[in-house]
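Both complexes below contain chain A, partnered by chain B and then by chain C.
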Partner chain A sequence: MGALDISFFNADLVSKFLWNGFVFSIQLTLVAMAGGILIGTLLALMRLSGRAWLALPAAAYVNTMRSVPLVMVILWFFLLIPFVTGRPLGAEWSAIITFTLFEAAYYSEIMRAGIQSVSRGQVHAGNALGLSYAQTMRLIILPQAFRNMLPVLLTQTIILFQDTSLVYAIGAYDLLKGFETAGKNFNRPVEAYLLAAAVYFVICYSLSSVVKQLQAKIAIVR
Partner chain B sequence: MAMIEMKNVSKWYGSFQVLKDCSTRVDKGEVVVVCGPSGSGKSTLIKCVNALEPFQQGEVVIDGISVGAPGTDLPKLRARVGMVFQHFELFPHLSIMENLTLGQIRVLRRSEEEARDKGVKLLERVGLKEQAQKFPGQLSGGQQQRVAIARALAMDPLCMLFDEPTSALDPEMINEVLDVMVELALEGMTMMCVSHEMGFARKVAKRVIFMDQGEIVEDAPKEDFFGKPRSERAQQFLSKILHH
Partner chain C sequence: MNFRWEWDVFLRDTGGGETYFHWMISAWGWTLTVAACSWVIAILFGSVIGTLRTTPSRWFTRLGNAWVELFRNIPLLVQIFIWYHVIPSLYKPLQEVPSFILVVFALGFFTSARVAEQVRAGIQSLPGGQRYAGLAMGLTLPQTYRFVLLPMALRIVVPPLTSESMNIIKNSSVAFAVSISELTLFALQAQEETSRGIEVYLAVTGLYMLTAFAVNRVMAFIEQRVRVPGTVGSEH
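Up next is the complex of A and B:
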């Protein structure tokens, strides 16, 4: 095999092969993060509600999702949807829904720890003012839980971003797929994958640095 | 007229009985101090008053409304009962002003402006007007506790509950909080205070309740309690804390 040649990596290639994939990877990450945190918070509240009929289904959901490989869930959901609804959903939509539902399980564990990190006295203080359970949660407990857990939530999001590359299994066009396609096109697959690794590394590493700074900041506030 | 009335309240944690058939009352304008050894159930008793802790037997009536009755609108009732905690429990993610306005806006449905006006007045009253824009973590313990009292007062409470409001404070900050409480008492606020500050009790309390092992052992006018407590346990307790 000859020397590495990355001269094919130019603006034209970025706009032709990579940009769309990059946008989809980011979209997938952001939507799954927002949806995952929202659903995850609801699951966490269900588990902490003290009511078995809410807590048990939520626990079952979370534990199931956390016990199966993501790539399998991606495949299953993609194959199952046309079977159930009679219409295929498309790889992109299928990926977005799967990731949201899957990540919700992980975010829910983080939010559960976050809610438990807020002292019981805060609940008492909210209730003593006459706030309802829902108000106490929304205005007092969840903002603190969210703040305390922000670094962990972001770390999970970095993992999520890395995992988005798994959508190759159902042929969605993401950042990795962009590199792969470009590599095939220019007959430079090794260089393409190396560049892909570099890009993923730069993105994840800069996000991790942000998390570190945040952690230090939160430690000061507390 | 009774503002707070507790009738035969009993509470269990599993098989452990924390409160044993506790009855007492606090009349309008009265200050009652609750004392007793650690673990005797003082915090639990005072938290039963506004049902922050549920109880299994007995009844608590505030201003004629039964706390435990099925039809009672608990949030509405609690909004009229001010509560001050040992560890302040200010909301750390909100500014001092937001701490004071949250309940007024969300529970009493006051306008933001009205709530702020009230907040400013109360901060002035506890001597912390300059701190309105700060966050709880930036204040000393004594300042935080004064804010906590202002937060409770912002709801125009019928009565106030205090659970050892000065026991988490450094000694030099105790008086700034007690001063606010004395002033409140002299203005005629109905107060039930768990406290070991016997100077405070002597100054403003009408009655003193002594608890031990979940029981109200003594419930006597201040003069009698400090003069000649009837029970041996209260005598022992008093001699211990008055020595310090």
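Up next is the complex of A and C:
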């Protein structure tokens, strides 16, 4: 192979091969983040509820998810979802469900740490004001926990974005697959992989710089 | 639902003169080998890079930061593709190198960025006075690191390294993408050949969990042995 040649990379190629994959990667990241934080917060509340019948299943779920490689989880769901729904769901939908449920385990650990970082006096204050447990959590504890943990939640989201490339295992069409397909079509796989690495790097590096600034901002306020 | 277990799938012949059970065990061996070799690279490079980032030299710090940002901000799968597809075609002699070695470097360098972060944090968690004390005693900077800072810092970072060691087992699964015959690739291929996905996946998942648990125990033992007396974690 001769020197690198990225002249094949033009607007036409972007719209034909990359755009769909890019949109899917972003969609997957955003849906899994929103769903993951929601379910993760519920799991964290279950674990901290002090009731064994709530805490134990939540702990078992989180620990199981965290001890299995993501690729295996992706394969598991791809295999099991048709069993449950009775018909194949397609790699893209399967990926969305998998990532939401998988990331929930990781977000739940972050939210648990966040809730535990709020001082106990806040709970007492809520009780003293006559708020119920649910009200104390929703109005007093969770907003603070969420705020304290915002940088960590966003860092986890950057990791999630990188991990979306693993849908390769079930053949879903994401950003990486877009680059790979373009590379095959133009017979320029080397350049395609290098460009893919560059695009992922630019996105993740800029996001993590934003998180760093946010962290500094939050630290000043406190 | 009329599902029936067929665990005898593991006794079936793969067509190559061995059973699926044999194949799975050898795949497990590959998973362990990839993870272990990558771990050695990650610890070596991670310690050096992490240490460089705490030195007063601006260029060393920049080099360390660039290393960490580069390997942390590109997905592991993309890094593996770069090592497997790109680097050998840019540097021909590497085409002779078995893909196993390339994957080990990919996973090792990827993890080294995380280890470097932990090592840097470990060194920076030491009181600044230790460095000054070392220098005031007339030790050179390398001697201060060798005799004062690193012996403490490397013991402090063992607990975070436990989770990195378990991560490296999990991350080795990504090697399936470049046809390393490890557990995940076994799971994919055996599932396709036998259509007994649930049994195959359960066995593979069990092996991953067993491995992660074993690593956890070994690291807990090391943690106990190297714990710094007088710190919160120690019993004495």
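The rule is simple: the second predicted complex is superposed on the first by the 221 of 222 C-alpha atoms of A that agree within 3 Å, B and C clash if a C-alpha of one lies under 4 Å from a C-alpha of the other, contacts with A are read in each partner's own complex, and residues count from 1 in each chain.
Convention: contacts are C-beta pairs under 8 Å (C-beta built on N, C-alpha and C of every residue); 3 or more make two chains touch, one makes a residue touch a chain.
Computed from a prediction, not measured in an experiment: that's the story for all the values here.
Participant: Kindly classify A:Pro69 by the partners it touches after superposition: chain B alone (first), chain C alone (second), both, or neither?
Facilitator: A:Pro69: touches chain C, not chain B.
Participant: Of chain B and chain C, which one touches more of chain A's residues?
Facilitator: With both complexes superposed on chain A, more residues of chain A are touched by C.
Participant: Based on the superposed arrangement, let me know which partner A:Trp19 touches: chain B (first), chain C (second), both, or neither?
Facilitator: A:Trp19 contacts neither chain B nor chain C.
Participant: On the A-aligned overlay, A:Ala128 touches which partner chain: chain B = first, chain C = second, or both, or neither?
Facilitator: first
Participant: Would you check which partner chain A:Tyr168 touches, where first means chain B only, second means chain C only, and both and neither mean what they say?
Facilitator: Second partner only, chain C.
Participant: Would you tell me which residues of chain B are touching chain A in their complex?
Facilitator: Touch list, chain B to chain A: 47, 50, 52, 75-83, 85, 87, 89-93, 102-103, 106-108, 137, 151-152, 155.
Participant: So in the complex, the part of chain A that touches chain C is made up of which residues?
Facilitator: Against chain C, chain A makes touches at 1, 67-72, 75-76, 79-80, 83, 162-163, 165-166, 168-169, 176, 189-190, 193-194, 196-197, 200-201, 204-205, 208.
Participant: Can you tell me which positions in chain C touch chain A when the two form their complex?
Facilitator: Residues 1, 3, 69-70, 72-79, 81-82, 85-86, 89-90, 166, 169-174, 176-177, 184, 187-188, 191, 197-198, 201, 204-205, 208-209, 212-213 of chain C touch chain A in their complex.
Participant: Residue numbers of chain A touching chain B in their complex, please.
Facilitator: For chain A paired with chain B, touching residues are 119, 121-122, 124-132, 135, 139-140, 143-144, 147, 221-222.
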